[in-house]
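Just so it is clear, A, B, C and D label the chains in written order, and each chain counts residues from 1 on its own.
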Amino acid sequence: MKIIKDPVHGYVEADELALRLLDSGEVQRLRHITQLGFANLVYPGANHTRFEHSLGTMHLAGIMCSKLGLDAGETRVVTTAALLHDIGHGPFSHVTEPVMKEFAGRSHHQIEGIVGEGAIAGILEDEGLDPAEVSAIVSGDHRLASIIHGSLDVDRMDYLMRDAHYTGVPYGTVDAHRLIRCSVLAGSGIALHEGGINAAESLLIARTLMRPAVYFHHVSRIATSMFVHALREEVLNVPGADAQELVRMDDAACMERLKHSAHPITRDLACRVYTRDLYKRALYVGGDRVNAAALQQDLGPARERDLAIAIAETAGIPEEEVLVDIPPLPTDLSMEVQVRNSHTMVDIEEVSPLINTLNDTRRQQWRLGVYTTRGNRQAVEQAANEVLRVKRATKQDKLVVT
Amino acid sequence: MKIIKDPVHGYVEADELALRLLDSGEVQRLRHITQLGFANLVYPGANHTRFEHSLGTMHLAGIMCSKLGLDAGETRVVTTAALLHDIGHGPFSHVTEPVMKEFAGRSHHQIEGIVGEGAIAGILEDEGLDPAEVSAIVSGDHRLASIIHGSLDVDRMDYLMRDAHYTGVPYGTVDAHRLIRCSVLAGSGIALHEGGINAAESLLIARTLMRPAVYFHHVSRIATSMFVHALREEVLNVPGADAQELVRMDDAACMERLKHSAHPITRDLACRVYTRDLYKRALYVGGDRVNAAALQQDLGPARERDLAIAIAETAGIPEEEVLVDIPPLPTDLSMEVQVRNSHTMVDIEEVSPLINTLNDTRRQQWRLGVYTTRGNRQAVEQAANEVLRVKRATKQDKLVVT
Amino acid sequence: MKIIKDPVHGYVEADELALRLLDSGEVQRLRHITQLGFANLVYPGANHTRFEHSLGTMHLAGIMCSKLGLDAGETRVVTTAALLHDIGHGPFSHVTEPVMKEFAGRSHHQIEGIVGEGAIAGILEDEGLDPAEVSAIVSGDHRLASIIHGSLDVDRMDYLMRDAHYTGVPYGTVDAHRLIRCSVLAGSGIALHEGGINAAESLLIARTLMRPAVYFHHVSRIATSMFVHALREEVLNVPGADAQELVRMDDAACMERLKHSAHPITRDLACRVYTRDLYKRALYVGGDRVNAAALQQDLGPARERDLAIAIAETAGIPEEEVLVDIPPLPTDLSMEVQVRNSHTMVDIEEVSPLINTLNDTRRQQWRLGVYTTRGNRQAVEQAANEVLRVKRATKQDKLVVT
Amino acid sequence: MKIIKDPVHGYVEADELALRLLDSGEVQRLRHITQLGFANLVYPGANHTRFEHSLGTMHLAGIMCSKLGLDAGETRVVTTAALLHDIGHGPFSHVTEPVMKEFAGRSHHQIEGIVGEGAIAGILEDEGLDPAEVSAIVSGDHRLASIIHGSLDVDRMDYLMRDAHYTGVPYGTVDAHRLIRCSVLAGSGIALHEGGINAAESLLIARTLMRPAVYFHHVSRIATSMFVHALREEVLNVPGADAQELVRMDDAACMERLKHSAHPITRDLACRVYTRDLYKRALYVGGDRVNAAALQQDLGPARERDLAIAIAETAGIPEEEVLVDIPPLPTDLSMEVQVRNSHTMVDIEEVSPLINTLNDTRRQQWRLGVYTTRGNRQAVEQAANEVLRVKRATKQDKLVVT
């Protein structure tokens, strides 16, 4: 049993199995993948990595298993899944997810290919664990998956606390121990004992407040859009560029590669992100001014690119100088959280009126962005208004929460 | 300039004027008045006092004045009001407020009588400050009152942070410095710059979450009801007991007095609170099961007592063994907060959908309680249901959030 | 199993036995005994009580027992002793200790009389625990006593962390979990695995730094001296005053009693402490200027009084206006801590050169104080120099660290 | 004025000048230089960068200037120096310092070359600041240099607090605000008012405890030794490798370059560091077993290499499999801190006996390490004992504090 110091949880204990997995190249790689991508351009402290988050998630998963009364075998498979749940991430975590989906055909939750072969498969086999079961937990397809992958899961508890610690944003306070204490195993996953409702509301509020302040801060979105475009241009234009290979890199290797690309657009955009010489917002509007739902159809980098090209043409500027950023609509919180007491079990929305509003708030936080160079802002704003059929702003629309 | 260590703000600076006021008996008394009354029966760490809260409020008021660009004279009067804003509190702070209103005819905000005479009046006069202006700020009747006494005031910022620090409840995180930075002076008081909306939401959420978890925790409500009844019995039955005098005592003197009262009911109830041998909930219902609005009419200890006596008679038990607790309905958050950017100014509800729901949530948190001894619970529950015409519980009503 | 929120440890779990003990009057009384006596006159946040410290000590004791591999029976007796270890304290904790020793003939560690009779004895018997064994652990006379009562015990870990939390002084950081992890059972008590040396040094440093900053801050010493004198005068002069009874009171009752004493000196001193209208230092010197060792002989309130009277006579002022404060010399840190690795076991001083210096530092922090009213300072300083044969100050003596 | 969120200080304010400097490539590069090199191999959270440390240092410098009463011009030059004080660092900060000194002939304090040309020189000139004055403060050659570069400087305050925050090691607690408050300008630099002695001791203790726990942790030393050897081999063996260029890279570029070096030893060592497949300690001894003072002569990578080669030859293994690590002896703490009160000024050692012991402790913490692959440990231990004439261990020597 080894002890690893962690600023969020104090100490994390790693047993022999965990130590063997930690030594694998796949897990060591997570040391070099930042948790929050380009959020460190806004919050200089946000340099924490998927490695420590994975340790923290394993730690909370172990406590959760113990509170739920799982046996040693179940606990091993759940904590292993917790440790490995993020090994599928590409460089800069969520930044490269759209490119991974588009060109490599998988999301970061799909880790069968990684745990099923190579060093990790060998370790799991040695220790009597089934790689398929581990990846089923990570992809959500397992009776115990909601420990790691639900509305009140330990993955979220860890990242909210951790992101608050490193950004300094004071909204991530989560009473993880109370939440874990109040979790119970129900037929369909983890349910919540009524004593944990306040703590659950607090977690859902933290998610809601962290969203505009950190996860969808416009500076981070602009850098992400620039980097995604750089990466796609590399894949599409540079002979021998292999998307599969690119998304298996770490942050540094991927950035170095793009900064020195043979393709000038890729090179320029990567260098700009690296030196924080970013595009600006030409348009930044919510669902009250564009049809957010309609824009979700066929959503993806290719669709965004088509719109960007149309805007660039309308504005009469080079197409690489326009980026369109259409985030997915937020999923509803807590669809599946059930609350129980000695009498009955109900959906959390029935006892917590906050939940529905938080969903409203999250939808209201959604923003479509069109980014360009400082000099092109006015021309692009006008063109984007036209191409995207943006409604005119009303009085309070002018209050953009940023 | 003297420096006073404070675990919440690090250091608080006190100038000559503040030091003189701190030395007065009226302010020293606040050392002996706990901030949260009987919340320490639930949260053993909650022993902080109105004294340190007053220092913290003065500290934040000073920062706020400086950010608003007030001149030295205005700053002096505001920080003095901040330091003195709680000297009107009775023993155990809000616990004795209803008795103070009923028998002494004032609320803790009315401090003219205290600052207008004696040591404090002398100090203020010496220093060229007008006691009437200071008490006008505290009672809310002054152009600058909303710094201390508004929806986003420094009093609230301090107590939310402080209560979180001492209870250990992690819901009180308030980004006070961001809120202060985003405050602007508008015609009607303090308005908020749009950059502070997240921080403001966070404060309003903290208020909402702290309410059931701390401020209205049932254990604390029961102890409060018991103590209020003990105190009223003293006033009503003990020759020479003077309500004016009782509410000017500190916690210890008041408790000692009641524990050794000549009146047996007073004595018994005070001793039970002291040793945490508390009544239990016979009934504890929300606004969906009783007519909360109707119950607010003529609300006060006398009304609660009438209902308790009716219940006790119905149940056939001594009347002092039944206590009825009807809290006021929560006031709406942020009625008056206005948000402004370079273009316009709007009410915060227009840009933050959370606010209205938080108001719903607060109303939903409201509980009427009927408390009695352990043995009488069933009899009292039945009688209370009858007397108060309580509706039958539906499925989710059984989920009491406690 | 009940969960109690604690701002220092997050949560403390209390089992059935602990809950029964918590409900006893003897333990509930600790809610009304401040941990640090009059330190709140310097640090306004220092209002925490022996009650929460007892909970925290029980919590750490439980973790320690589990790490040491004690069985359930041993664990029960140790955690019970931890919960009860401070029930022997008089009002204001260490403030009244000298009076308790002088007139009641016991120190706060001697709790046989309290656990051996009344409610607690009954509970212990019910639960199959031997009161004698519990009090043996508290008084240090048991194989497992050093868990609670040694150089690196859980009592110290808890109070250093807790005192730092409530005072805001940043010197109390103790890596309790690392210390506990590195504790091993050796023949003579708890020894330390070599991996914990840094953490142990850190704890000893915390003790050393907290001493002048908090535990022996002169303001707190002056208030203590005044209160002790008030209490002794009560015992010695007021017919019917019973020292045994006085030291079983809580803070409030004792203060109320003295503030309303029939004896004018008692009354005056108690009121002055209550309103923080304190005596001042007329003399405040270290061991380089008085013979600290010689002063330790027959040390106690009676001896201090004799010296005070002599000084008052020399100065020609009433004797109650002079107080002499001769603290005991600090005990050496870590006399008994042994450090072990796979090869050997040695005394901690052999591997940690810091320890000896910390002992030097602690001796150097020692101060003799003579206190009087503001107006008498000069006269008393002169008289005290004469009576106590104080050496003249050298250059650096004038640098009094306060 | 822009506000940047910082988890250590809350907020850092950046004015127009600071913002211009922050936008320069030289300062942006610090985003990509980790503060603690390879300490993240021990403390997974230690991924913070020189960028945020530079912001924090500027922040504290501003507060210090204000407390010292410096005028606006002096304040500008000091805070600018604080912001720029680390732009001279090579990749992985102190890791590459020996190579920078050996081949590029400068230490990271020498920044004239960087501030005197290019973007930064232009900005400083525009803003009326003299680059020579700024670099004089950083190199220690200026009346106000000790604000940034002394025994109690703001650089140290920031890094101790910051390193504690990110590693989770609880020894870095520094009462920065008290220290700053107690700083006074004296002829020779910053002196300390006597009220700050405790806080100063606390800082010096933090430095002492952080040294073995973080700054000189053996795992970090091993990785550093491996990386330094990889880098030197690159410089010495790869045609076109330019030390000047290498030490101007950021962490990622330097690591990528070495991982893909044409030289197999460089490549292998860099890849091992990257995947945490580290050499082990064959020898790890303090100054009681080797002549630490004698080893300091001509100290540097070249000398270490000679010894490593001799050991490898004696052991009969390839020379790249042996690394010798001889850290410099610690400099004495606080040589120049003077303490003053109203009467006099003395050296801090005269009033604080802790200081001398901390110096002893620091010397005792010094370790010479010889590192090799797991399989070679025994052979290398024997050879190293012989080559370095290591004394036999006594009983307590076997207690290695790690």
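The rule is simple: contacts are C-beta pairs under 8 Å (C-beta built on N, C-alpha and C of every residue); 3 or more make two chains touch, one makes a residue touch a chain.
These numbers were taken from a predicted model, which means no experiment stands behind them.
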| item | value |
| --- | --- |
| Each chain counted as touching chain C and chain D at once | A, B |
| Self-contact between copies chain A and chain B, residue sets same or different by half | same |
| Centre-of-Cα separation between chain C and chain B, whole angstrom | 34 |
| Between chain C and chain A, distance of the C-alpha-averaged centres to the nearest whole Å | 51 |
| Euclidean distance of C-alpha centroids - chain A vs chain B, Å | 41 |
| Contacts with 2+ other chains: residues of chain A | 10, 169 |
| In the complex with chain D, residue positions of chain B that touch it | 3, 10-11, 177-178, 181 |
| Chain A contact footprint on chain D (complex, rising order) | 4-8, 10, 23, 25, 28, 31-32, 34, 40, 42-45, 47-49, 51-52, 55, 165-169, 251-253, 255-256, 274-277 |
| Chain B residues within the chain A interface of the complex | 169-171, 173-175, 194-195, 197-198, 201-202, 205, 209, 212-213, 339, 341, 343-344, 346, 350-354, 356-358, 360-361, 364, 395-396, 398-402 |
